[in-house]
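Shared between the two complexes below is chain A, which pairs with chain B and chain C, respectively.
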Partner chain A sequence: MERMSSVVRTITKVAFGPIFIFGAYIILHGHLTPGGGFQGGALIASVMALYFVAFGDERWKKKLMSTLESIGLLTFASAGFLGLTAGFFFFNFLAGSKIPFFNEQIPSMEGFVHPNWAPLFSAGTVSVMNIAVGLEVVVGITLVVVAMGLFSFAGKEGE
Partner chain B sequence: MNTKWPSLVVLVAFMGLLAFSFWEMRDFGDPMDEYDDDATTDGKISLYDRTSNSTIEVNRTYMDEYFIDHSQDKDTSTNNAVTAIVFDWRGFDTLGEATVLFSAVCGVLIALRTAFPKKEGPRTEGGEK
Partner chain C sequence: MMDAYDTFINNAPALAVAIPLIFAFSTPLVSKLGDRVRNIFALLGVLIPSLIIFLLAFDVLSSGGMETRYYVFGSDSSTRFPLVGGHILRIAFAVDGMSVFMGLLISVVALSAVIYSMAYIRRYSGLDKYYSLLLLVFTANLGMVLTGDIFNLFVWFEISSVSLSALTAFKANRGESFEGAAKYLIYASVAGLFFLIAIGLLYGQYGHLNIKFLSSAIGGNEEMMMVDKIALGLLVTVFALKAGSVPMHMATPDAYGEAPAPITAMFVTASQASLYAIFRTGFTLYGSNLTVTGETLHILGYILVALGILSMFVGVTMALVQKDIKRLMAYHAISQTGYMLLGVGVGLAVLDTAQFAEYGRTAMTGGIFHIFNHALYKGLLFLTAGAIIYRTGTKDLNKMGGLGRDMKLTALFFIIGALAIAGIPPMNGFASKLLIYESVFKFNPIVGAIAMLVSLLTLASFVKVFYAVFMGPRRSEFKGGEVPASMLTGMAILGGVILVFSVFPSLVVTSLVDPAVNALTYIEGETTRSLTLFTGSGSWNTLVFLGAVMVAGIIGLLLFMMGNKGTVPKGEGRKPYLFGNPTEIEGRPIVVPASNVYWGFTTALSKYYKPTEKAHSALFNDYMFWFVATAALLISIFAFLEVLT
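Up next is the complex of A and B:
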């Protein structure tokens, strides 16, 4: 594919990092602030689409990305099924448990100045599912955009 | 014969149903309106409370208040109550959403499978042509 003008490429180089970091922030803080896996994943996928449009890069590792998407969905589903070990389906078995993985508690509200404070490694399976969904959305939407772009360009090339 | 009247009848019936359900809605910000004195369930439902590890009785339409009260404690310890509902209490629904996205991506990739080049390097030939 053709790449776009140097203005677009320069702006893409400048904007890629901050938008990517912001998307990662939205995903990782999904259990603390508004947002979550779907929203942050859409952000990172949009910056991937920007990169694709600006540079016209064709070297996308389709197999690796498909594998990552499957891993995202499987992590989500297995986090739901692992709740069966502690009770029932989609039971949040990590939150408040002794397993040292996203198990921190939110301090009680008494005497707290800021009511919205919470540790990052809290919320148990909610955080795990956020990251899994974020991975799936990033890779999935990027794959869709890249496939559509490459396909439309291939049609033009043949004429 | 005009063929438009059956759709008109369906439309009017559907609008009537919508208007009926609209009149049955409770007032804005009033969770207990019209449901307070339910004889069959006594206005109470039982929910599993993980903090005390027992079943607690809550008022029937106080589900939202249960979410607000319990999203931050040992139940989920999630600060964002919306995320707690979407990914924990309604996690099965979100699993369906993720599956929908997965199958949509699979469908696009199957339909446009000729778009990606076969090997590394420049594409020699586009698509099936």
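Up next is the complex of A and C:
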């Protein structure tokens, strides 16, 4: 792949950080605000694809990405499986438990000052699954977009 | 120990879907350890869920199969269906006799497909994805038959469609693979969207996605609402499309023909799972209160009968003229689907009337028994087709020949499958078709006669395949003899189950099919355990039949031995006599190519064949037209038929 013009590269450098952070925000707040793993993952994937296309970087690690994809999917399924330790598949064993991982209790209704107000590190396995889906979507969509880019470049070389 | 087992059985519906899912996602990681490890891993990914399904089936069937077991995800037993504002929040699996019946069928076919794949697909790259997707298809099919939530059904439907179309394009060096995959993908995705519209209509009206709650909400009305009827029309069209029913069958031969052979076997189970979804829609979703929905279900029954007759006849006549071995078998899959639609359609058309006990139940038993038989013999036939393609490298029947001399076991498995699909006694296909013939004949004699005619044509087209592939002199270009052991093992599993089903059809009916029919209709039938299968007006016992054949054979042998040994002709007398035509031209024997075997038949029926072949245009726009037209027709029938009468 060729590098694109310096305008595109500069804008990519500027936009990369904010878009990435916004995507991560959407993933992590999946249980509180609209959005979640898929939406945030798609945001991050778009900025990853933008990076690879703008810089014509061919060092993107396909094998690593494949592995990350599997890990994302496995995390999701394992979160369901671990619910069996409490007796039921997909049981939210983290929420309100003693394991210090997304386990904060949501306060009672009187404490609400805003419809979406709740601690960030609550919701147990829901958050874990959001992160897993986010990872899977980032890697999956990046792979798809970069593969399409490679095919279109390969077509141009052949002419 | 008993507690652990009880916990296991209680969680079995979830485990049967979750374990292959975990295996599917881990396969790309495990593949880094080597090919052998990956193959064993993929085999375990099918074997463990199959064992779970087997134990679950044993447990469900031992309590009659009529009682539905619910497994609610993420909830404990005290809040099994937690209602929030009158709505259920959780996804539930509902397991009864029909679900485990389908689960067993899917497991058997998937097991043989994965074993068969090990040698068949060895020469290709990207195998980690292949096994990953194969396991996903397996999971999706199991999910479709176990789920009790209509949106969850949609999710499994989509997973199965997308994975299957990706696998269809697996042989990426061929453009045809991509064409078949793209057609199937778009067709199934558009169907999926129609499915989603139907779910949206029902959800908007009743606020439920759980099939049980939806069903009681629909049955709780004074009469059926327009929304229910439109949703019913959409659901039936969508599932009929994926099951491959005429006139929405066009993408089926494209995809079945191009997919690798084990994937085609998986396609068969996926289409059976959609048939299951049609029956669930009719009997469970709309069947909770027959005083409300009975009329509409009778209309649905007649529609299924019509779709069944069309599928049987168009499928088999199109199969007769094919020269691509896998397309030919794909058209037979369509044709056989017609038998199941016919059998269960007759049951539905007379549901809740006096005729149901007389012949409706027998028709349903035959139709549902045929689902299992079809998955077995059609899976086996596709696997033998794969073995033939593996050895010859071509799918064109005109270019094959003489394989019977080196591939004796493949030929044997082909004969088992071909006799079973044609419904020749004593095979299992005969037992289920006998149930259908006799009951459908009472429903309508003409339909019964068509069902028999289609069986004859099925036999005729498999005679053609056998002639073209296995007969004739040995050919030098097809070297290598029998296919590898793993492919033979895959075929032997299905062949063995077919033989067991053939010898003990009545035991299969009483222990597996009857609970399934009970679960669908909520009517417990009489079950008598015996080796004889009773069809209402007749009976069938394989052992008696085999005994009679043996006696006749012994008499024939005795007559043969009493004869004069000197009368065997010699020289010219040994040559075949072809109605006075020469058998050789310039020293080479005349071989009739497969395309010309039924020249007389197709020429005589050219008035039928010309428009039918024109309708199979391979244009995607035409495919879409048939689907949308069928959906519109079905919805109009459901919505307006009662208004007119």
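Annotations for the structure displayed:
The rule is simple: the second predicted complex is superposed on the first by the 153 of 159 C-alpha atoms of A that agree within 3 Å, B and C clash if a C-alpha of one lies under 4 Å from a C-alpha of the other, contacts with A are read in each partner's own complex, and residues count from 1 in each chain.
Rule of thumb we're sticking to: a contact is a pair of C-beta atoms (placed from the backbone, for glycine too) under 8 Å apart; a residue touches a chain by one contact, two chains touch by 3 or more.
What you see is a predicted model, and the numbers here were worked out from it, not measured in a lab.
Under the clash rule set out above, the superposition-derived model of chain A with chain B and chain C contains a clash between the two partners.
By the touch criterion defined above, A:78 reaches chain C but does not reach chain B.
When the two complexes are overlaid on their common chain A, residue A:92 makes contact with chain B and with chain C alike. Of the two partner chains, neither chain B nor chain C is touched by A:100. In the overlay built on the shared chain, the residue A:34 is in contact with chain B alone; chain C does not reach it. When both complexes are overlaid on chain A, the residue A:150 reaches chain B alone and has no touch with chain C.
In the superposed model, more residues of chain A are touched by B than by the other of chain B and chain C. Applying the stated contact rule after C-alpha superposition, one finds that A:66 touches each of chain B and chain C.
The superposed model places chain B right into chain C at 76-84; the other stretches listed in 40-48, 58-66 or 76-84 stay free of clashes.
Overlaid on A, the two complexes show chain B and chain C touching the same residues of chain A, namely 66, 69-70, 73, 77, 80, 89-90, 92. Listed in rising order, the residues of chain A touching chain C in the complex are 66-67, 69-71, 73-74, 77-78, 80-81, 83-84, 86-92. Against chain B, the residues of chain A that register as touching in their complex are 30-34, 36, 38, 58-60, 62, 66, 69-70, 72-73, 76-77, 80, 89-90, 92, 95-96, 104-106, 116, 118, 122-126, 129-130, 132-133, 136-137, 140-141, 143-144, 146-148, 150-151, 153-155, 157-158.
Those residues of chain C that touch chain A in the shared complex are 7, 11, 14-15, 18, 21-22, 25-26, 28-29, 71-76. Chain B meets chain A in the complex at residues 50, 72-80, 82-84, 86-88, 91-92, 94-95, 97-99, 101-102, 104-105, 108-109, 112, 114-117, 120, 122-123, 126-127, 129.
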